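In what comes next, chain A is part of two complexes: it sits with chain B in the first one and with chain C in the second one.
Right, the complex of A and B next:
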């Protein structure tokens, strides 16, 4: 079953979970009483899927939440696929669609402490993302500063469900803190359309999960264009951005369009002294899952040739979620050296592992 | 072609499924209202174990904004990506070309066998 006998794998997106009450020991009042009484209370998208969110074979036999038993993650993913490092991304970034900035920041801090104490030592492959809320970027920056230098945390993660495009100056304290800490920033979807976030598609609220999930790529296109045009990578030249679970096949045509428009409209973004696509190539990574699967796999390989895919992609499984990608079943058209970069080298360098 | 007996009829109630081994093969035997069926325990997409997939019905093709729930107990969904397969034929519900391998089942004298 091992996917790549010649080299191990780094998985950039594994969703560890926990019962809400697991955060109680790490929460100060008044938040502890709130969570003890009524749970965390995420504001999720509300869209329903007949498939559900979890892999049916990843539900622990004791009725616990999928992703909440470290030993099962090791048994189903880490060992069979020789995963050398797994970035635990959690789900707590979704807190950004709730309404109280102080509460959201407290949940993130409690979760980060919980992960540091109860997950990072559980298996040598486990690394983690620092969850922060976008509801108050100054509080988020303080949280990043607090945990900077902890060897188990290899990135910062925020939700792509937000009030407005993520490149805008309101968010910049988060990016300054990531740069100070030397940590990449990951952006992850999930709560699009919930709480105080924007509509989940540019056209508004679709009727079904099928449409919602397909259109998540729109959110990533809009945020990426914003990051570039707002000058985030000029202002924070050390910042690396990881676009998680937003799809990859859209990137090349989006950048063609952006570069073309830049030639006429450069004067509106005079801080960009190179083509927009060059900033993306230098600063951005995309995780692979859920990988697009055209009937003819060569079509995806052709699209990859239109971008610097082998240097920009990071393998991710999304375990234990329903749209999990098994490392030995995807991207088989990539040449061996490109596969090695996508499944291992790129993440090892980005996260400074090994 | 050999018939490999894998269980006795009364061991599986209608609506139940059971993992069986025939040589190197892992198969899932399903008992539906009208009899026994066997599928590979391996989804053709990414190899998920079909045994963990939920069995139910589905919405049959219909007019726009009409829903016609049908085939209750005859459709299995892959436990990972949710692809739907007809237990009786192994065929996916979205493409003629995609199917879980299915095997003929023979019931004789209360013994359930798979013809391979």
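Right, the complex of A and C next:
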């Protein structure tokens, strides 16, 4: 079942979960009482998926949450697909759409300690993302500094649901801390339209999960334009950005538009000395799931030729979510060398593994 | 200078302008006094273009607004490029981001009467779009009914800047009226982020015009997903939709994502009986300006092969705006037959010209 017997796989997006009460031992008061009494209380969007959000077969027999039993992840994902490293991304980044910045920071810290103590040793493949909230970038930076150097944490993760575009100066303390720690920054969707975040599309609130999910790529387009134009990659030349679960096929058309506009309008972004697309190529990665699936698979291959796909893509499964991409089922048109980069080499280099 | 000597051109997006006071004879009180005292007062976004919004050479020597002198349009656009029909789109659709629905409706009616009396007879190429506001769809429908059958009006135009996605039921009276009148509906950007419209990107307000302009395509993505998923094309099978000035290269990747999601999530949109992309192919057109310009022009040609480009694109110049596309400078990779469709046949059929 392995994608290729010649090399193992690195999976850049696996959603470990836990019962809310699992964080209690790591939470100070008053947050321990809050979670004990009311649960974490994410501010999600409320859109409803008719097929559920979880793979039905990933629900543990004991009634626990999907993704919460390490042994089941090993059995369903790590072993059958020869996953050498699995980046546990959790779901706690979603806390950034709640309202209290101290609570959000406390939840993230508690989760990070919980993962360090209760996941990272459970299987040699397990690596994890440090969850931080964007509600107070200074607190987020402190959390990154606190955990920098821990060998199990290979990136920092924030929510793509936010109050304004992620390139803006308000957020820069987070990026400075990522650069100090030598950790890539991952951006992940999930709570778009929930709590204090923006509407989930440029045109406001759509009616259904089908529309909400289809439109999630827009959040990544807007953030990416912001990262580049605000000069984040000029100010933090060591920063690497991983756009997780936002789709990939939109990248080339967006960069054509951005490069064209830059040529005419660059006087307002004088810190940029190269084309926007060049910064993206040098600093950005996109995870593959959910991969676009045109009727004609050659179309996706053609689109990959219009971007530096083989060097920018990182395979991800999104286990245990409903739209999981098995490594042997996707990207079949990639040439063997490009496939090896996407499924293994790019992530190994980015995350400094092995 | 013609794009092709073998056939004339139809230009689907020319921005005629006028001094605000030109509408006074067509306005009832109290709106006449309002415009006389304060001007129209569009609620625009406030983003600033460092190169201006108008072509410098399109500014009339008498100090009038660019686009306000019919003879100059004929001299700079109609004659040199053999434009057989020019769809005058104006700028008045931008009124939809102001707050008073009665005022917005009155401005649109006054503008439509002004165009009928003072533009449509000025040159045989001139056709016009009926401007309506989305602030009161019933009033908009009444305006469309009022002008239906006028031979000079070939479409209805609304702003893409809106309070929520354009497919939703609130707007349907407009689409019913378009279908009754046999007129395509055009959607045009400009006021995104202004007045009571949504933020101009899914991630909120970017900092600069460069970002604002690059991100405008997102508004069209969100609206298009909404049009399809809300069943507008099922409810109004005669409706044709023209996405004006929103870019084109994003279409195929978006539809891959939408079709894929539809296959899994269609139970919440039971009125759809075909793939979303099929409704788009049958009902939608995109105007070409501002056309994406990859370094390798073959990339755009390849992307056109992934959509039904030759049947869905309508040439537009966007005269007199800064990023005007001359017909002899763009889409050079299109084969002659496809080129003829994009520059002439598609628009002639859609607008029932000639």
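Quick note on the criterion: the second predicted complex is superposed on the first by the 354 of 354 C-alpha atoms of A that agree within 3 Å, B and C clash if a C-alpha of one lies under 4 Å from a C-alpha of the other, contacts with A are read in each partner's own complex, and residues count from 1 in each chain.
Quick note on the criterion: a residue touches a chain if its C-beta (ideal position, glycine included) is under 8 Å from a C-beta of that chain, and two chains touch if they have at least 3 such contacts.
As the structure is a computational prediction, the values presented were derived from the model and not from experiment.
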| task | Tell me which partner A:329 touches in the superposition: chain B (first), chain C (second), both or neither. | result | first
| field | Touching partner for A:99 - first (chain B), second (chain C), both, neither | value | neither
| field | Broader residue contact with chain A after superposition on the shared chain, chain B or chain C | value | C
| message | Applying the document's definition of touch, where does A:209 land relative to chain B and chain C: first, second, both, or neither? | response | second
| query | Does the superposition put A:56 against chain B (first), chain C (second), both, or neither? | reply | first
| Which of chain B and chain C A:117 touches, first, second, both or neither | neither
| query | Taking the two structures together, which residues of chain A meet both chain B and chain C? | reply | 49-51, 322-323
| List of chain C residues in touch with chain A within their complex | 48-51, 160, 162-166, 168, 192, 198-211, 213-215, 217-219, 221-223, 225-226, 229-230, 247, 249-250, 252-254, 256-258, 260-262, 264-269, 290, 292-294, 296, 299-300, 302-303, 305-306, 322-323
| note | chain A partner, complex, touching residues on chain B are 45-49, 52-54, 77, 79-82
| field | Residue ranges of chain A in contact with chain B within the complex | value | 49-51, 55-57, 322-326, 329-330
